[in-house]
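The next part holds the structures, each set out as structure tokens.
Each of the next two complexes has chain A plus one other chain: chain B in the first, chain C in the second.
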Partner chain A sequence: MAPMRRILTHEVRGLFADRIVWISAVAVVLLSGYAVHVGARATEAHRGQVATAVAEEAERYILLRAAMEEVHAGNASPSAFQDPTRPYVAGRGRGQRYAVLPPTSFQASAVGQSDLFPPVVPVLLDGADPRSTREEIENPVHLLSGPLDLAFVVTFLLPLLALALSFDLLSREREQGTLGLLLSQPISARRLTLAKLAARWGLLFLLTAGAGGLAFVLLGGGLTPDRFFLWAAIVGGYLAFWMGLAAVVNVTGRDSSRNAVALAFLWLVFVVLIPAGVQITAALVHPVPSRAELVALEREEVRQVQEQASAVLAQYFDDHPELLPEGSVDAVDFQTRAFAVNQEVRSRLAPVRARYRERLEAQREWIQTFRWLSPTILTYEALVELAGTGDGRMERFEGEIEAFHAEWVAFFEPLIYGNRRLAPEDLDRLPSWRFDEEGDREVWAAVLPGLLGLLLFAGGALGSALGLLRDGGDRRWTP
Partner chain B sequence: MLRAIVRKEVRETVRDGRFRWGAALVGLLLFLSLAAGFAHRKEVERAHASAQAMSWAQWLEQGDKNPHSAAHYGIYVFRPVSSLSFVDRGVDPYMGVSTWLESHYQNPFENRAVQDTPALARFADLTAASTLQLLVPLLILLLAFRSFAGEREQGTLRQLLSVGVNPRRLATGKVLGVGAALAILLVPAAAVGALALLMAGPGGGATGDEGLRYILLLATYLAYFGIFTALAIGVSALASSSRTALALLLCFWIGNGLLAPRIASDVARSQVPLPSSLEFQAGIQADLSQGFDAHPPRELRQQILRDSVLAAHDVADPAELPFNFAGLSLQSGEDFANLVFDRRFGALGRRVEEQLELHRRLGLLAPHLSVRSLSMALTGTDPAHHERYAGAAEEHRRLIQRILNEDIMANSRFGETYIADGSLWARVPEFEYQGPGIRWSLAGQGTAAAGLLVWLLLGAILTRVGATAVARRA
Partner chain C sequence: MLKAENLSKRYEGSTALSDLNLEVNPGEIYCLLGANGAGKSTTIRLFLNFIQPSSGRATVDGVDVTKAPLETKKVLAYIPEQVMLYPHLSALENLEYFAALAGHEHYSRKELEAFLLRSGLQADAHAQRVSTYSKGMRQKVGIAIALAKRARALLLDEPTSGLDPEASNEFSGLLQQLRGDGVAILMATHDLFRAKELGSRVGIMRRGLLRAELDPSTLGHADLERIYLDHMHD
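Here is the complex of A and B:
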């Protein structure tokens, strides 16, 4: 192994003497630091929104309880639309709960979907839809630009830096006339290539992981060791793929500048074209219908149901005679009727709403199937899942909101139909929100396949480079 | 002489495998993204038109009810999509498509298309605009970085200059050569675009002057490609080797197209912060209930109105007025709320515009920001066009309120239950949006146009300097 080590030492020395290497190193450190800063700020804003909502809810509940006590003590007699002891009033604006999605410990690493979806969704009797909740005020051009977060730096820029360091891996030695000299040493072309790759990979990997890790400790609110380990593994695998690709091009290619152009095209193909192709085909094969029509459709349903409101109510009391208050169905008050109409409209529109989600899930499945075409998709998906800002956690949030809303409605339903009143102590029995966070096992399960895929890609690229070298490559490479 | 140089450059470029592959790839993407943009636009246009027709029919057929109930029922309007949005969707996916015109409140736009997309869509958003703004420039760089440096390395540059070729003319020829090679790709694309524009039709009146817009759009992108061609050839002439030329040009490409828009957003966000949604809503509510400037709080406002109206008509009770006071009171509430909305939404709009102007100024450092701003303005898909539509919708909302409140004033008595018959709803005109002409669209784009011109000049200077340096060095 002595010559191998000597080559490695020589390579590292050579790298340190190269201007491009220093520029790349500075770029990696600056970009990683800045990106973590961007991610940390976004996370902080997210945390702030959640905290504001939680505080608002707590304060509102104190006021609500006080108002209920007033009514109970007989000191106040508000109108039916203001009376907090009426379940229909408490279950809507005054007692609404917030479903909140707390930021994960690793969220500063990828903004993902978190700047598009509100982390705070009001849950009230009328509904709870994270996709139509009022969003944070933001300049749309900023959303269009996308964030300069660590996931972007890793997926888009890191390959370019890797290619800048390795596009002339072997071709430069040949152009300088030193390749022959090197190969005259007791070392094979494969060993030489491996040593060169290892030096470059090690340098970039240590820089990226080091700068990223340091930035996390300093700016990103600390480091979660197991997530960081996974993150580093993804970065390492992705880097290895690009290094391997550079080696393949170097082995088969000609002069340095042609290699550079070929690699730039490959970057374009893997980073831009294949992901875009997968995304565009997903949207073509499983198009999500426009929400515009849902707006008008919902209105139409409301009108129809309102016309049949009495029938809807009668049906309900037919099924639940025990809840029928004194008097006939016709005497049931406005709120009960409104609740029944809303429930009916929701259940009628459920299949229409479900279609949006089904289509989106079908798109996701399509992407899951075709993500194996590009290591960039694998990396991006793994990074956002790891940060908890990807589709997986968003879907989980949506599912839990739906369940919580059902629970909320189920709590109020018998109270409203039974025309009962709430007592202040009932507030303690109201369903309360708690996000059932993904466990470590689930995160690993979401990330590992992608990581394995990355390693396969990296192995494939490296293997073919070395394989090509064996198949007479040694001779071809001797000038 | 120049013609010979151009012919040689074109022939060499077209023979080059890199160009063939690159042009085929970029061309394919351009056509696919234009087609996808066209199909998408068509579908959105259909959905919006049908939803708006449905909402209008629902308004007309809501039956007999109190006009104020009808005002709360309201109308939904849906933003039309501009014909040229198949080239550049701009911020369309990030903006809500519909708003609810109801009484008392200026509602925000809802239902953003981007909320129904997976995470990858954000990452891999390939449209005709991004192909033109990012990929074509990359193709240009990869084609042109060797133009001088490569000839120098091969030794042909010396030969050329020794036979008396003027280096400036050589540089011009090289620029034109790259241009001519690109034209093979871009002229058909432009023709397809023009055809698509003809097929797209007026686009629900989202914008006017489509033809002129398209021509200016072509000119804008042409200028942008010119910048890249001139820079690439200038750098190629000045750089010590083709390797350095490529490294420098790729750095510029990354900085300009990938980093600049993101960094500009970050700078704009910290220089001109926007209020949070909660603060903004709280501000509106505070203005409405407590008044602002010299405007008194709500109770006092209502008191003053009542007293002054009663005094003017010299009666003691609102029931004795010759009109229904309830209608007047509602309308006065609307009038005050409109002041609040103008003030609050106006301030927010100005801040967003300040941020965008900052982006355009930064276009002096990165031409991508300039071309993006111009492209969105010309295709009618930038935030300003959305604001204009939102303003028109808001005007319509106010008109509806006025018509209905005046009906309450004229046709009902104070304190009695009033049910208007369904014919009243048809007295509200249907909302029809007339999009802006080209002058309006370009009014705020001075900085962006200047940015593009400055870079074009910079490119020309660099090519010239490069050509002179080449002659000296050879």
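Here is the complex of A and C:
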């Protein structure tokens, strides 16, 4: 094994004699630093939004409690639309809760979906739709318009550096005339290639992991060791894929400039064309109905339900006779009526919303299926899931919002129909939001399949290169 | 030590080497003469296992080079027409690297310097980057690499082309020393004069065929040239 180590040190020395390593080092350090800074700023903004909402809610509850106490003490008699003891008023505006998504400890590594998905969603009786501020689905493959965060640096730019270091892996030896002397030594071509790859991989990996880690410690609010370990594993696997690809191209025996062109083309295919293709086909095969259509439909439903408001209410009290107040349905006040209309509209729109969500889900599944076509998609998805800004955690947030909204409505429904009033101490019984955060196991489960796929890609590239280097048969790359 | 048995190399539509039989024993210098494309380099590349024979076999010390190339490459040293080295390293560092690859990691600096001196490279050049070297100086480092490898067989592909007469003469002296040490040397060359002077035997090749095998000690310089030209023009 001595020659292997010897080749490795020789290669590292050769790389350092070359400008390219210094340029790469500077590029990696500057880009990582800037990218983590961008990520940290986005995370800070996110944290700020959450903190503001939480503070606003707490303050509002203090005021609400005071107002309720006033009404109870008989010191104030606000109108029905202002009366905080009325459940319809408390449940819609003054007592409204925020569903908030706290940033993760590793969020500075990838902005991902977090800049598209509001981290603070008001939960009212009327609804809680986190997508209300989103025009269309933005999927993670939509990289080009993304911010320059660390995930972008890793998926887009790192391959270019990996290729800059390895595009002339064997062709340079042939062109500078050393390949003959080298291969006349008792060292197999496979070992030579492996050692050369190991030197370049090791150098760039240490550089990237070091710069990334340092940037986190200095700018990103510290390192979470197990997440950083996974991050480094993803980066290492991705680098290995690109360098394996460079080895494959080198073994086909073209000169350095043709290798460079071939590898640039492969970069374009894997980093740009396949991800864009997957995204475009997802939108073509599973088109999402336009937001405007949904809004128009909603208005139409509201109009229809309002026309039939009495019938809607009568139906409700047929089902819940115990809640029927004194008198007739006609005597039910405006707020009860409005609530009933609202609930009816929601339930009528439910299939439309479900279809909308199904389409988004289908698009996401499409991308999940075809992500195996490009290590770039695998890497990006793994990185955003690791950062907690991917679709996985966002869907979890959405699901929890929905559940919380249902709990909220269920709490108020009997109070509104029963025409009850709230006492200040009822505020303590109101459902309150708590995000059930992903556990480590869920993060690993979200990241590992992609990481394994990445390692398969890397293994495939390396395996092909080494397979093509096997003894027997003339090889085009020999001197 | 070096043996070709019915060694042939055919490419699609052309024959680079046809049924070559030759043997180089320890302490012999076998010179292969012939025009470009005669099959001299093909022969050397076959011995190095850079290309695979279409039929026949090449053996080094009785071992088929296609069966155990790493074994045979321990015994072989190769000096190409242009010895190219790592330009960012000195002669000493280049030598040290190639010696380590050949399995000799144990050489001290003194020993390495001794190889370079024996090859005729002046001491003040040892630590210079080889990017400043002339072809002759690089050829000397190539010899030093072969010496350090303790090779028992040497393959040379037109090693003296482009050297000035003095360097060429110096080079011949080194080869004679190696022959004295019992190294088997196979040298492809255009240089009839060197072949006559150095060769234990001379083979004349044309279009992949070994046309004649001569003992130069029985011939004058003029005879060798005449025979060579006869073979080229028939």
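Assume the second predicted complex is superposed on the first by the 457 of 479 C-alpha atoms of A that agree within 3 Å, B and C clash if a C-alpha of one lies under 4 Å from a C-alpha of the other, contacts with A are read in each partner's own complex, and residues count from 1 in each chain.
Operating definition for what follows: contacts are C-beta pairs under 8 Å (C-beta built on N, C-alpha and C of every residue); 3 or more make two chains touch, one makes a residue touch a chain.
Predicted model only: the values in this text are computed from it and were never measured.
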{"item": "Chain A as common anchor, with chain B and chain C clashing or fitting", "value": "fit"}
{"item": "Chain B versus chain C as contact partner of A:372, first or second or both or neither", "value": "neither"}
{"item": "First, second, both or neither for A:182, with chain B first and chain C second", "value": "second"}
{"item": "Partner chain(s) touched by A:10 [first = chain B, second = chain C, both, neither]", "value": "second"}
{"item": "Dominant toucher of chain A (residue count), chain B or chain C", "value": "B"}
{"item": "Touching partner for A:411 - first (chain B), second (chain C), both, neither", "value": "neither"}
{"item": "Chain B versus chain C as contact partner of A:435, first or second or both or neither", "value": "neither"}
{"item": "First (chain B), second (chain C), both or neither touched by A:61", "value": "neither"}
{"item": "Touching partner for A:278 - first (chain B), second (chain C), both, neither", "value": "first"}
{"item": "Lowest C-alpha to C-alpha distance for chain C against chain B (Å)", "value": "17"}
{"item": "Chain C-contacting residues of chain A that also contact chain B", "value": "none"}
{"item": "List of chain C residues in touch with chain A within their complex", "value": "48-52, 66, 69-71, 73-74, 76-78, 80, 82-89, 97-98, 100-103, 105, 142, 145, 149, 155"}
{"item": "Contact set on chain B toward chain A in their complex", "value": "18, 21-22, 25, 29, 32, 36, 43-44, 47-48, 50-52, 54-55, 58, 62, 76, 78, 90-91, 94-95, 97-98, 108, 110-126, 134-135, 138, 142, 145-146, 150, 242-243, 246-247, 250, 254, 258-259, 261-266, 268-269, 274-278, 280, 348, 352, 355-356, 359, 382-383, 386"}
{"item": "Contact set on chain A toward chain C in their complex", "value": "2-3, 6-7, 10, 13-14, 17-18, 176-178, 180-188, 471-474, 478-479"}
{"item": "Complex interface listing, chain A residues touching chain B", "value": "20, 38, 49, 52, 112-113, 116-117, 131-132, 134-148, 152, 155-157, 160, 164, 168, 256-258, 260-261, 264-265, 268-269, 272-273, 275-276, 278-280, 282-284, 287-297, 299-300, 303, 356, 359-360, 363-364, 367, 377, 380-381, 384, 389-391, 394"}
